[in-house]
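Heads up, there are several structures right after this.
First chain A sits with chain B, and in the next complex the same chain sits with chain C.
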Partner chain A sequence: MNGEMSVIVRTITRFVYGLIVVFGFYVIMHGHLTPGGGFQGGAVVATAFALLIVAFGAAGLKGKLNDHLLQSLEEVGALAFLVLGFIGIGTAFFYNIIANSGAVFGSPTPIGPNPGFLNTGGTLPWMNWAVGLKVMTGLASVVLVMLVGAREEEET
Partner chain B sequence: MNPLSFHAPVLLIAIPLLGAFAVPLIGRLGAHLRRIFTGLIALLTTACAGLVAATVFSAGTPITYVLGGRLTLPSGMNFPIRIILEVDGMSTFMVILTALILVTAVFYSFSYWRRRSGGTMYDSLLFLLGAGIFGMELTGDMFNFFVFLEITSIAACGLIGFRVWQGRSQEAAFKTMALYTLSGLFVLLAIGLLYGKYDGLNIAYLAAHIGSGLVDRIALGLLLVALAMKAGVVPMHMWAPDAYGEAPAPISAVLVANSQASLYGLFRVLFTLYGLAISVTTLGWIMIVLALLTIFIGVTMALIQSDIKRLIAYGAVSQIGYMLLGVGVGLATSAGQPDYGLVAMQGGIFHMINDAACVGLLFLAAGVIIRAAGTRNLNMMGGLAHDMRWTAMFFMIGALALAGIPPFNGFASKLMIYESTFRYSPILAVIAILGSILLLAVFLKVFQAAFLGPRTISPIERPSRLMLASMGVLALVVIAFGLFPGFFVHTIVGPAAKALWLGRDAYIGAVMGG
Partner chain C sequence: MTAQAVIQVFILVLILAGGILAVWLRDLLAAVIALAGASLLVSLEFYILQAPDVAIAEAGIGAALTTAIYVIALRRTRRKEKE
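Let's look at the complex of A and B:
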């Protein structure tokens, strides 16, 4: 059976995992406007990875989702967060230098009641993406490691 | 103020964090490059610590740093916003202590882990632990204090259980994790209570408003227990011998600095957050009783150990008692402020850096001894001094300093504690001296068992030059602090004691104004 689950589970997984990933990215993307943010969105995306790992087995995903890649991306996410802190150091660490600068996520925030504009927030959305990347890859590698450990215990 | 000094407090947290996150990526490029990078980060961190010290000591008043915005404190608002770092004499003293231990541990680890796997994760966790300790010492915000406390807990437990192939280190890591989590939750609950009552998390803001109501007392009790637990004070010390004993040798040294950061948190809460809002005599006596228990039980437990690391670990626990004793007498007398109270404070605080240096030296030497003898059991060692003269000398220096023998640093700080506590109540000094005498007996036993006698075993693994150099740096510190105590008390200990004892208004004023 080499770690795969039944065809029903695998088919459903193929349908829903894309939806889960999209929803997770939505939560990260709108972190500065709606409830949620990098951590929550990253955790949602990680559940999609967990679903894939459980349905197809760690062996079935070999080459597509490996430990080294996930851990490297996790470090990149953490470093990106820190770099976003450092770019404001002309004023103060974590200073929001991108806000109102015209760059991506940098358009001016209108004052008064409004539905919320995606292209605002400065470094905050960027930080959400950095945290999101770290959390999704970190949690996925945790699930991967735990699953491999559990399999090894079953076999012995 | 030049920009580098201005940003030094935050760089001191950000640079070890950068190291922790970048080491795994750089580790992929090769072990050699990783070592260069690790050494560079350690040296940069030390440079930042020096910069912070120079800035604070030349300013003479607490300096503040506001993260994420253009804001000059005091801002004139009656409510501090944003995350604020606040560095006074005591924080600076702790930063110097931590930087000294961290940089020695990093360089010692180069040789210690050279032929073993997992060096990347080890370096990463070590820097994370360092960043957490620096954060606890620099922050001016209760909630950030909790966050950094948790960072140190997680990193420390990862490092204690780092040798995953040993069952005992797993057990020690689990035990420590359970107790660290408990103390973290206590701290969080206390912060929640204070936040509910005063709508603020900034330490200076809370200190300006704090009263002596029921909520404040409950919060104080929770903070006192939690931080004493994390510092390894005696009724809550059961994790400490396991953690110090099972962790890799350089980590044991850093764990001592971590415990002292919790002790710093305790002092900060008692002196700065509460100050005279509560009965200082009662709290001072609670601390004194805990201190005497810690000294006595720590030393007597050390006496019966035959495992070298556990023995030093109990010795380290007993030393926490001396710091608590000095500062406890200082707290009990902080209402009347007699001269001997300040001397007791200085003695207690001076003993923190002395203990970190000589216990650190002993743990590093124990790491060499265990590698050489292939066992931790003192009954199976002997005659190591024939082949390892330098290690024997460093161990002797550390042991004599810890027992308070002149001309080493332990003597200088313990004498200050004995003299001042004698003025407060003679029995305190008697118990403290008794503890030191017993400790001397303990370490003579260790020295005799490990180093003296005929050459029974030949060393399996000799210490490298880098390991000897790291121990040499700590030994030099031990001797320098012992030979010139007046200079060091004047330059680094004095401002720290003054900041805690008399500096509450200055600490509040730096953020709140007036």
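Let's look at the complex of A and C:
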């Protein structure tokens, strides 16, 4: 096996993984308007990471995608979700304090039928980003740890 | 039967065929591919039943990530099942 796969797989991976990452970020970004959200978009981005890991091997990605970085980012996602839950604690846990406040994702929502506006939703889109970060790095680190563990066992 | 019912029965039969193939095949890599195909068809069925949310999660995790993990595990173990 020795790390990377054939040149066909590596070329197709270079073409495709950027598109998959952009689609995953789109699903996370529009989580409060369209189907999907943090978990689904994070899983889509994690498949792009899994494609990179399987195509280039753990050795081909050395330094760019190590499991230490991925696990740190996973903890950042979890902590960001908790902080977002706690910023409305003056009223209630998970209170939506950003909605209609004019901050990012905080513009007032118009009443009545409308196509859906991206800059609304309050804390919900921020929580989608936190969950998306946690899911994409968590699932990528699962695949990476699996591959690195298999390699170490092979060498000994 | 309406056209949609015919399509649904067709997809369900294909899902069943994929599951039976995954159990019956002796080549474990082929069994993993059959499982991934069945998972992709389940995702299509979710989309037809108007649950695009679940369809995205099923396509991402069921068809892609578990297949990658199974293939990595197969590299370290035997490819053929023992008789």
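Following the convention adopted for this analysis, the second predicted complex is superposed on the first by the 150 of 156 C-alpha atoms of A that agree within 3 Å, B and C clash if a C-alpha of one lies under 4 Å from a C-alpha of the other, contacts with A are read in each partner's own complex, and residues count from 1 in each chain.
Simple rule for what comes next: a contact is a pair of C-beta atoms (placed from the backbone, for glycine too) under 8 Å apart; a residue touches a chain by one contact, two chains touch by 3 or more.
The shown structure was predicted, so the numbers you read here are calculated from the model rather than taken from an experiment.
Participant: Specify the partner with more touching residues on chain A, choosing between chain B and chain C.
Facilitator: More residues of chain A are touched by C.
Participant: Of the two partner chains, chain B (first) and chain C (second), which one does A:L147 touch, if any: first, second, both, or neither?
Facilitator: second
Participant: Using the touch definition from the top, say if A:T91 reaches chain B (first), chain C (second), both or neither.
Facilitator: first
Participant: Mind pulling up the chain B residues that touch chain A in the complex?
Facilitator: 7, 10-11, 14, 17-18, 21-22, 24-25, 28, 65-70, 83
Participant: For chain C, which residues count as touching chain A in their complex?
Facilitator: Residue list for chain C touching chain A: 52-53, 56-57, 60-61, 64-65, 68-69, 71-73, 75-76.
Participant: Which residues of chain A touch chain C in their complex?
Facilitator: So the residues of chain A in touch with chain C come to 1, 27, 35-37, 39-40, 43-44, 46-47, 50-51, 53-54, 139, 142-143, 146-147, 150, 153-154.
Participant: State the interface residues of chain A toward chain B in the complex, per the touch definition above.
Facilitator: Touching chain B: residues 71-72, 75-76, 78-79, 82, 85-86, 88-89, 91-96 of chain A.
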